[in-house]
Every structure is written in C-alpha cells, then in structure tokens.
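By written order: A, B and C. Residues from 1 in each chain.
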Amino acid sequence: MNSLHFRPPRGDGVAAALFLLPSLIGFSVFYLIPFLLGLYESFTDGSLGGEFVGIGNYADLLHSASFRKAAGNTVIFTAISVPLLIAMSLALAIVLNRPLFLRSWLRTSFILPLVVPVASVVTVWQIFFDWNGTLNAWLHGMGHNRIDWMQSNWSMSIVVVMYIWKNVGYDMILLLAGLQSIPKDYYETASLEGAGRWHRFRHITLVYLTPTLFFVLLISIIHSFKVFRETYLLAGDYPYDRLYMLQHYMNNMFFELDVQKLTAAATLMVACIVVLTSGLLRAERRFRENTE
Amino acid sequence: MEGRTSGFSQRQLRLISGLFLALLAACTLAGNTIRGMSLPKVYTQLASQGSITHEYEGSATVQPVRTRDIHNPAGWKVNQVFVKTGDKVDNGQKLIAYDNGEAKLQLEDMLNNLKKQQLSYSQLQTDYKVAATEGDEGKLAAAKIALDSAKLDLASQKNHIQSLQKSIAEGQSVLAPFAGIVVQVNALAGSGPGGLPDVVLTDSSKGYQIQLQVPGDVAGMLEIGEELNQISLTGKESRQLTGTIEAVDDGMPGAPEGNPSGLNASAIQPSSVKIRLEDDQLIGGERVRVKIAKSSKEQTVIVPKEAVHQDGRGTYVFTLESREGALGNAFYAVETPIKIADSNSYVVSVAEGLFGQQEVILNSTGFLMDGMRVRR
Amino acid sequence: MNDRPRLSGLILTLLLVALAAAVLFPIGLTLVSSLMSEAEIGLNYDLIGKMVDTANGGQEAFVNLKLLPDWLTLAQYSQVLILSPKFLSMFWNSAGLVVPIVAGQALVGSMAAYAFAKLRFPGRDKLFFVYLMTMLMPFQVTLVPNYLVLHELGLMNRPSAIILPGIFGAFGVFMMRQFMSHIPYALTEAARIDGAGQLTIFARVILPLAKPGLAALTVLLFVDYWNMIEQPLIFLQDAGKQPLSLYLAQINQSARGVGFAASSLYMAPMVLLFLYAESYFVEGIQHSGIKG
C-alpha cells in the first residue's frame, strides 16, 4: 500500500540511469524543458530578448476579463461536475457490487462510453440539444417554451452530462475495486452488532473507501480539466460564454500568439494542480495514519 | 474483479477484429479500382476567354472583270487573223482582215448602174425639153413624172453606193477597241461568219476578279472593300496575290436568320463573294486558292464543340464541380445551360452561362447526367 | 423477509437496465442511423443548426428522433469505404500515429517503470512526482513551449510531432511502475542471486510478469490516443496527415449521413478492443490508483 515509500535493498544508480535514460531524454525534451521554458516565458515580456518583468504577466492575466471568466467557468464546472460524478459512480458501484441479474453486462455498458470517441457520438448530442432538437420537441409537446441549450447557461449542464456519461465508468471501476477490497466480515460483524444499513454505509463503506475516494476525486478533477475535447467538439473554438474554460482560453491565446498570457495561465494552472495533488496526497496519508 | 464480462468469446472478437481490418485494408487497396468501375471518368478542359475564328478555304478561277466579244462586222469571209489567244493588243490594233472582193464587185456593178441611170436621166431631160417645146400638155406631164422618178432612183442608188463604200472601208478588218488581251479567237482564215464572236478581248484596265461561294458565318464577317491577302495562285508558278472584296451577295435573301441556338444555322447558307484581284500579270483563267480566316472582335468564353450538348430545353455543357465534402473533394458533373453566340467547326463561343476558367467536361467514359458524381 | 430484497432487486435491476440503455443510447443511435439512407437522415435531422423563423409565421419544426430506419442500407458505408478515399486514408493516418505511440510508450515506459519500481537511486520519488504531475497536466499547459521545441526540431506538421511526445508520455511510466511494484522482490532477488544482470531480470522476470499490465496499458493508451484531438489540431495542420478524430469533428451538415457510418467505423476498433480486453482495461484503471 505504500510503494511510494518503500526502500529497495541496494542502490543501483548506474542501472537505474540506463533504464531511465530513454524515457528521461524524451520526457525532458517534450515535457520538462517545454514546461520550464514556459515558466521562464511567463516572467518575461514578449520582446525578442525576453526582458524580465517579474510577475507583470500574472498581474495582466488576473486583470484580463476573459481569463477571469475562463478560470471562473473552470472552477464552477469542476465544482458542479466532480461531486455529481462521484456521487453517481459511487451509487452505481455500490449497486453493482451486489449480486445482480445481468451485472457484468450492466458494468460493461457503463464503461463503454469511456472508449467510445466523443467525436463519433457528437451528432447524437446535437440531435438532442439543438434548438430544433428532440429535447425541445419534447418540451414543446408538453406545452413549454424551447430552451436554447447550447447558447444559454444550460450549456454547461450539457457538458456536465457529457462529462458524467464519459467518466462514470472510470470512477465506477475504481470504486468497485475499493468496495471489493473491504473485507466482507466487517459488514457481517456490524450486522450482528445490530448496525443499520445507513450506519454500515457510513462507518464501514465510506471509511474504508476514503483512500479510493481521494484518488477518485483527484482523477475526476483531472478529467474535468480534459473536458475541453468534448466542449470543442460540441461548440467549437468560441463556445457560449458559460463554456469558455481555461483550455479554450489557452488555445485561443496560442492562436493569437499571446505567449506571455498563455504561459502565465499555464503556470498558474500547473501550480493549482500541484497544490491540489500534493494536498490530496497529504490528506490521504494523514487519513490513513489516523485510521491505522 | 471477475474476468470475462461481455457475451463474446475472445475467439469471436479476434475473428471480428480480423475481418474488420481485412475489410478496411481491402477497401483501401481496391478502392481506386472500385471507384473506377462505379464512377465515370471525365476528360475536361478549361473554358477559355478568346475570340472565335471562322475559316474558309476554296478555289476559284480568275475572271476578267470586263470582256468584249468582237463579231464579224459585215458577215464576210475571214481573210487573215492577226492575233492568237493570249496576245496583248493595243487600242486600235488590227485583229482580223476580211475578204471584201465580192463587195467591190457589187460596188462596181452599182457604179455601172449609176452611170446607166445617169445616162437614162439625160435622155429623160432631153425628152422633157422636147415635150416642153412641143407644147403638148400631156406629153409634158408624162415626161416630168419620168424625170422626177429617175431623179429619185439616182439619189437612192447614190446612197446605196455610199453605204457600200463605207462598209468596204470599215469591214475589211476589225481593230481592238481598247488595250487588252485576246482570250478567244474563233475566226479561221477563209471561213465565213459563225455563231460565235470572232475574237474575245478582255479589258486590262478593269482588272480581274474571282467569285466564291463562302459559308454564311464567314461571309457575315466580311466587309466590302476589305483587303484579303491569303490568295495564292496554284499551278506552275504559285505566288501570293492580294484582293479586295467587291461584293457580297447573301445567298438566299429572306431565308430565316437561323435560330440562335442552332449550331450550324448561319453556317449553312453560303453567300457569293466577288473579290477583285490586283495583279498585272493575270490573264484570267488561272486557278487560285483563297483562304479566309476571320476572328470575332469581342472576347467571349470559348468551349470545344464536342462539349456542347443539346436537348429539348436548349443547349448546355457539363461543367465539373468540385465539392469539398467531409469525405474529401468529390467531383460532380453539373448541367449548365448556355447561350451560343457563335461557332465554327471546332469551337463554340458562349454568350451566357459560362465563365472563363470553368472546367468543362469534354468527354466521359459513361453516360452523364446532371449532378452525377464523376472522377477525373 | 425473503420477498422484499428480491422485489427491490428486481426494481433496481430494471432501473439499472434503463440507465444502461440511456448510457448506451448515443452509441446505439449512431449505429442504427449509420444504416439509414442519406435521404432519410436528411429528412429527419436536417433542422440541426438551422434557424427556423417561428416569429414570422414559420412552422414550429423539430428534428425527428428516428429509432429505426425505414429500410436498411449500406449506402453510407459504401460512400465512406469505397466511393471516397479520404476516410480510409485518415483511418490509416490514425493507425500510423497510434500504433507507434502505444508500442513506444509501452517499451520506454516499462524500462523507466522498472527503474522507478525496482531500483534505488537518489531523488527517485521526487522525479516520479514530477512525472506524475506532467501526466495530470492538461495538454494546453505546455502548448507554446511544446510548439517551440517541435518547431526547433523541425517536426512541425509531421506525424513525429505527435508520435515522439506520445512515446515519452508519462502515463506508461506511471502505470507500469504501479504494476511492477506488486511484483515481489523475492523474484528479482532470486534472479540476482543466480547472477542475472539487470537487463536479464527486466526482460526475463519482470516483463513476463507485467504482461497484464502491458495489456492494460496498451488498451488505455490506444483509447486515449485514438481519440486525441488537441495535438493533431495544432501540430498537424496538413489535412492529408490528420487522423480520424479530426475528420469526424469536421463533418458538416451536408455529410451528416456519412458521418454516422464514419463514426461507427471510427469507434469500432475501440469497442472491439475494449470487449476483447475488458478485464485488462478494468485492471489497468484500477492500477492507475495512485496508491499502487
């Protein structure tokens, strides 16, 4: 359980270097150096020599309305979609953890969207959420007015639905594994002691599932950052205001050649992810130490 | 977590995957062939801006503008022929001498008769004087009548003689009435007058001409007074001549102007065109070849004639349209109605319906219809 | 006492089946629609993205959700597979990008993972954390520096611009390390005592044991890179080299009918791969749990 901290028997510096070398070279060239370059860029102005301007770019960035909108939307989206996703996948995992008719088929069905390219079902999405779409047809049939799903604040809920559709399988798999690692006799003991269903859920399931939940939370947040793919396919480069997220912002800054804003935004985002990840890892460790 | 979940066995899935990839590979490899079989291939050409050229080529015989038939003036036998065909003659040159022997004999007879009449006239005068002196009224009147009648006979005979003398003077030869060239000699020494003129002369000063039947499309573009220089003498000595258009006679006046969509309507009716040739060495009768190439003045869109089709609704061409689809560029044949402004045997000039640089389908391996997908 | 769980189980199953049907619906509708004729699709879905002027007496019009084709036809498939070469060329473009990435990342990643999991060297955990962070970054973060580096290497607009960064992605390292951590030290130690070098241990002991991990990695990478949109969107501007994922994003209204067939063909390899290796896939996701 704590492979991050085990100690192998001896030092193997040379062998390790050889095994790591190919990966390290490529990794440095394509990820690390670019990132460091970006970090450097974010502190310089756009001129050729690259004058050092300190945190000027960041100040500019934070004053930029479109960045604030994008960052705000990203935060809102994550704050809405992640808890929803986790709640739904937890419910599914708990239900599917029981012996059920068709269980494996059902599980496969919920995982399948994960592998289906969004690009190939985007038309179906349009059929439903278009101004003339099926959903509006139903609303109309029930005597309501149409809703412009993609061009109103509803647009974010569409993306949330898509995000959940896509990722519910991933979280469900992780949570199912977590559930299955909880020894069955804990429940039996608790039942014998007269604990109710809710009690068992709170004091056994949730407690033992917490380490998994930490990870699920982290991976869900990461996945929520990657929802750009879906949004792009549904709404293109410049979607409705509510859908304009940090990734759109960065993409568009790239095409506008505003390197400084882009790298500053990227650095901020990385900082957030690093803080978030290490915070979650630390919280998880502390939680584990407390329970052990 | 338990292992297999879905209802397919690994084996089945492997088979399906294999078939799937094989299908894609087959379509990739055979795609071109299949497309080739299912889509007609078209051959295209760009519609170009240009002018249309009408061409005519034909031969004609050089003819003098004016000829003169010279007939035997008196109907006498030919005594001597001084010229032969092709001779150049000057104004007043003697061409043929005629035998006037009979006429001279006749003249002598007539002179003799005249003398006789003069003699008898003297007698009658004497008779009149006798009658006058006798005073016989009856005799005197008779003598006066006889005398007057003889006087009239005498005058008449004198006229006859004068006329004969004149015709002997004029009819013994014919002279060239103008400078020219002898084109025909029918007279033979010793023979009498025939039906034909004895000599035919051309008038050099009026020059030569040719006459051509030119198709209406070319003729329509010719102007009177226009100079043509693609005229060449055929035969031994070939050389270039120049000519001027003298007259253009539309073949059938009042014939329908030709429906505008018809390709050949105006080209069918020929016009007769007279071209005057300027050359001193021509004598007439030479064969010449004439080439006329006329380009229309305004620039229009030109397409090859084979690209133009006709049906009940009018004339049209198939243009090639490339549509940028999700599946890449696909080509379609599009029926484009056109209005024909002009045409010759090879190209058609389009008045409306086409732009320059539009790709026009000339030919295809299959039957074409509007909107049909094709490959190029 | 006995009836209630059975009844609730039945209701639960029905609910789940309905939910699964909803989740699978976009996929199913795509497949069904791919068998419709172009005309039928035009008839039913032509209104998507069009403004019908209802204010000026226009008819209230909606797309017509059509669940079953009037008659089945393979016309769209023949359009996609036979009549136009673009789909297939892009399909092979995709394959030409994804296969080298998956193979390369599995190899490079396994080697690095071996160093991280079984060898000891200074700074190992810190370096691993850096890898982990990169893996979590959205693509846009290193967009500009990545662009500059690729430009510097002369790789822009070449498939290598996608393949090389793909090969050195951190996910392979991460996942294989998680998987290898579970291989007991006793095995590597035993080999070492027998005098085997590190390379032998890696090739003869670790790799065979990590086969399920490799399989899982392969599936996960395949899915991820088969669906990639951002990288080729920016680094492969040359339309002739772009992969299928972009092709489907470009499908416009006029080609909607063809789009369904193309989508079905596009998702087919992923669905087949998933069904074939579902257990590996699930296992792979479970191993991506950070705790390992």
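Simple rule for what comes next: a contact is a pair of C-beta atoms (placed from the backbone, for glycine too) under 8 Å apart; a residue touches a chain by one contact, two chains touch by 3 or more.
All figures in this text were calculated on a predicted structure; none of them were measured in a lab.
J.: Of the chains present, which has its C-alpha mean closest to the combined C-alpha mean?
T.: Here the chain at the core of the arrangement is C.
J.: Among the chains, which has its CA centre at the largest distance from chain C's?
T.: Here the answer is chain B, farthest from chain C.
J.: Cα centroid separation between chain A and chain C, in whole Å?
T.: That pair's centroid distance is 16 Å.
J.: On a C-alpha centroid basis, what's the spacing between chain A and chain B, in Å?
T.: 92
J.: Would you mind pulling out the distance in Å between where the CA atoms of chain B average out and where those of chain C do?
T.: Each chain's C-alpha centroid was found; their separation is 83 Å.
J.: Residues of chain B touching 2+ other chains?
T.: Counting only residues that touch two or more other chains, chain B contributes 1-2, 4-6.
J.: Note the residues in chain A that touch 2 or more other chains, in rising order.
T.: Only 105, 108, 173, 177 qualify.
J.: By residue number and range, which residues of chain C touch two or more other chains?
T.: As it turns out, chain C has residues touching two or more other chains at 251, 259, 262, 273, 275, 278, 282, 286.
J.: Inside the complex, what are the residues of chain A that reach chain C?
T.: For chain A paired with chain C, touching residues are 1-13, 15-20, 22-27, 29-38, 41, 92, 95-96, 98, 100-102, 105-106, 108-127, 130-134, 136-137, 140, 165, 168, 170, 173-174, 177, 211-212, 215, 218-219, 222, 225-226, 228-229, 232-233, 246-247, 250-251, 254, 259, 262-263, 266, 269-270, 273-274, 277, 281, 284.
J.: Under the touch definition given earlier, write down the residues of chain C that touch chain A in their complex.
T.: 9, 12-13, 16-17, 20, 23-27, 29-30, 33, 45, 47-52, 60-65, 108-109, 111-112, 114-122, 124-125, 128, 130-134, 136-149, 153, 164-165, 167-168, 170, 173, 178, 181, 185, 189, 198, 202, 223, 226-227, 229-230, 234, 245, 248-249, 251, 256, 259-260, 262-264, 266-267, 270-271, 273-275, 278, 281-282, 285-286, 288-292
J.: Which residues, counting only chain C, touch chain B once they are in their complex?
T.: On the chain C side, the touching residues are 79-89, 91-92, 247, 250-252, 254-255, 258-259, 262, 265, 268-269, 272-273, 275-276, 278-279, 282-283, 286.
J.: Okay, in this complex, where on chain B does chain C touch?
T.: Where chain B meets chain C, its residues are 1-6, 8, 10, 13-14, 16-17, 20, 23-24, 27-28, 31-32, 34-35, 38-39, 325-328, 330, 373.
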